[in-house]
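Which chain is which? They are A, B and C, in the order written, and residues in each are numbered from 1.
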Amino acid sequence: MSEKFKISNLDLYYGDFHALKDINMSIHANEITAFIGPSGCGKSTFLKSLNRMNDLVEGCKITGNVLLDGEDIYKGMDVNLLRKRVGMVFQKPNPFPMSIYDNIAYGPRTHGIRSKAKLDEIVEKSLRDAAIWDEVKDRLKKSALGMSGGQQQRLCIARALAVEPEVILMDEPTSALDPISTSKIEDLVIELKKQYTIVMVTHNMQQAVRVSDKTVFFLLGEVIEAGETEKLFSIPQDKRTEDYITGRFG
Amino acid sequence: MNINKLKEIVMKYVFLFTAIISIVAVVLICVFLFANGVPAMKEIGFANFLGGTKWKPGNGLYGIFPMILGSIYVTGGALIIGVPIGILMSIFMARFCPDRLHKVLKPIVDLLAGIPSIVYGFFGLVVMVPFVREHFKGNGQSILTAALLLGIMILPTIISVSESSIRAVEESYYEGALALGATHERSVFTVVVPAAKSGVFAAVVLGVGRALGETMAVMMVVGNQARVPDSIFKGVRTLTTNIVLEMGYATDLHREALIATGVVLFVFILIINISFSILKRRGKE
Amino acid sequence: MEKNITPINQLSWKDRLKSYKKHPGSFILLLLVGASAVITVTVLVYLVGYILIHGVPYLRPSLFSLTYNSDNVSMMPAIINTITMVLLALLFSVPFGIGAAIYLVEYAKKGNKLVELVRITAETLTGIPSIIYGLFGMLFFVTALHWGYSMLAGAATLAIMVLPVIMRTTEEALLCVPDMYREGSFGLGAGKLRTIFKIVLPTAIPGILSGIILAIGRIVGETAALIYTAGTVAEAAGVMDSGRTLAIHMYSLSREGLHTNEAYATAVVLLIVVLLINGLSSLIARKLEAATK
């Protein structure tokens, strides 16, 4: 298993608040890594440092190193290219207020693809990969806002796939969805790990058990425990991990 | 107890009465304008009035076609200048400038909105008219000058309406575009602004209304010649200025023809108002 | 407690420029929005600066003598008339505007046809240009009601013009009053009227005030609606006399072309009034914001 991300000594501050404390971690390719922990523990914040979405937050300061394939993403890497390589799916489905087709084509167009034939091909492939092609192929020109929540989220995954990322970050992708849509997305995520590296923040411990290979437990901005999902949930090494997964807090 | 109840009921009707005033006002405005203007239109003949190219009250010629054209040219010119700057500025204020700069820009836009039109007109007269005369051609009182001045005057309207509609766009659209590798500019211009398009369009429509209805400032820089212009360096007269210029001494049919000019302007404005409220409502959905 | 950390996530200007080199389209857009901001600010600064530089030297004491004659071209009568005009117009528009807002918020039921109609007509009034108000005032107040060119006719015309401003701001202010207050008052056995006057209105006062200030701004700056209603007489006027406000005074001066310097000076006074009004309203807005936080 090759190492996709290597994070060392990462600290993050919001103003005076020390939100992430000395994070060290490796994320491996073609695996699903789940981040768990109570709200406000820094797991989403950490996720957003991996594609530099935290740059937008005023007063946010980061120190340390984040290497993607050995290259420091905070040193001289073009942030737009980084985000092309490291895609993101958000907590709340956020399709753009345009047609389904244009939603998927937005990314490729951004990166300079103009040919209609090529775009058609990308749109179809992305929608197929996101397992939503059959549901939408007859209404590609219709507004994406008319779809159900679950469909919208799969559309957003398709949109992320369309720019051919290497890593996909998912920030609680199913927290706004019903159980059926959730299970569709979980199946999809498992399917996607063959081609992509997936990092997923989840509130739902069952979900972490169902889909992930590795799990990282965050608490108050620190990584308490990280390892094979199965091991972490069956024989947690740290008392706090045990308390959390057995539901004693959080 | 009974007196209190009576008071409650009486006051309820008092409030109702005050609420109805705005309806009464609109009805009165319509009735008085139409009742005084439409008969003159009939007497002159609708075609002669709206389509006539000669306005010579002394000779009984009352064609307001030049003024309709004048209003359209001047408003159109104002839009060419004011809309791009206004929309870009609203984008700057909503998505580009840091908070600290916004605290400076906002009062500046408010001040632009608050300056009385007579002050704008005076500024146009003493600064812009000579400028156009020296750097372009003609005597400086022209369509171009009026368009420049009105372009500035509609800026605050366009900026504030457009800015608030751009600010109302969900942040998640912007983040979604960034996460796909789009630059800040690309995200704003291809996702955020299109999502606010009905609000932005409403801002433009409101700007049209302001430009079309502006009177004093235009009068001081537009030349006021009642003729069909053949160049943007020539002067024209607009619907609004036609009324102000001659109302002071007009009598009889001449006076009524001026009121009829007001009716035409009023109808234009009503159409614009209706499109504005339709757009606003669509923006809310 | 590390104070002197050097964050790695903040882009230096060099990095930014490097990124823009790869995205020339984005760079052009950045320049465009920046340019529009520069243009807007320049226009305002130039306009205000030009007027101030040319006007302030002419703010002589004689410009403020109590009576007007063609030698001193005093603006004092016009200032007095402006104050009279503001007071008169507010006298009509404030009670009606507030009353209407109270009805819309406190009495009318949702989806009421009448409420819809009131909203639509108020919106229509907002969009009507001042010259149309002037025409209407001339036809209705001056001619039909036989008030003649008078401060009263002018004030009545302006009152209709600013009515929707006061109505809308009051309505918004009333809507911001939490229902909890009303329920509390009703719970203590107070009637509707008492609740409105003792609880709701006092809470909404800053919002209502900001509407009134906005209205004052419009009244002070208005010309087109006043020329054929209040007229252009340059004397301090009684309620039924014709009189010119400051804005009309400036219009007359600049039209005659003989008193350009005095016109500049008048423009300075108008600008100062606008600045005061804007300052006051943003002060209230800030107070409101602080209160709601």
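Note that a residue touches a chain if its C-beta (ideal position, glycine included) is under 8 Å from a C-beta of that chain, and two chains touch if they have at least 3 such contacts.
In this text, all values refer to a predicted model and were calculated from it rather than measured experimentally.
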Chains touching both chain A and chain B: C
Of A-C and B-C, pair with higher C-beta contact tally: B-C
Greatest separation from chain B - chain, by CA centre: A
Chain centre separation in whole Å, for chain B relative to chain A (CA means): 49
Separation of chain B from chain C, taking each centre as the mean of its C-alpha atoms, in whole Å: 17
Between chain C and chain A, distance of the C-alpha-averaged centres to the nearest whole Å: 50
Shared interface positions of chain B, touching two or more other chains: 183, 186
Overlap residues in chain A, where contacts from two or more other chains coincide: 80
Where chain C touches two or more other chains at once, by residue number: 19, 23
Contact set on chain B toward chain C in their complex: 4, 7-8, 11-12, 14-23, 25-26, 28-29, 32-33, 36, 84-86, 88-89, 91-93, 96-97, 105, 107-112, 114-123, 125-127, 152, 155, 159, 183-186, 188-189, 206, 209-210, 212-216, 220, 240, 243-244, 247-248, 259, 262, 265-266, 269-270, 272-273, 276-277
In the complex, chain B residues that touch chain A: 170, 172-173, 175-183, 186, 190-191, 194-195
Touch list for chain C against partner chain A, complex: 5-11, 15, 18-19, 22-23
Residue ranges of chain A touching chain B (in the complex, touch as defined): 51, 53, 56, 80-84, 87-88, 90, 92, 94-98, 106-107, 110-111, 156, 159-160, 163
Residues of chain A that touch chain C when the two form their complex: 11, 13, 49, 52, 54-55, 60-65, 74-76, 78-80
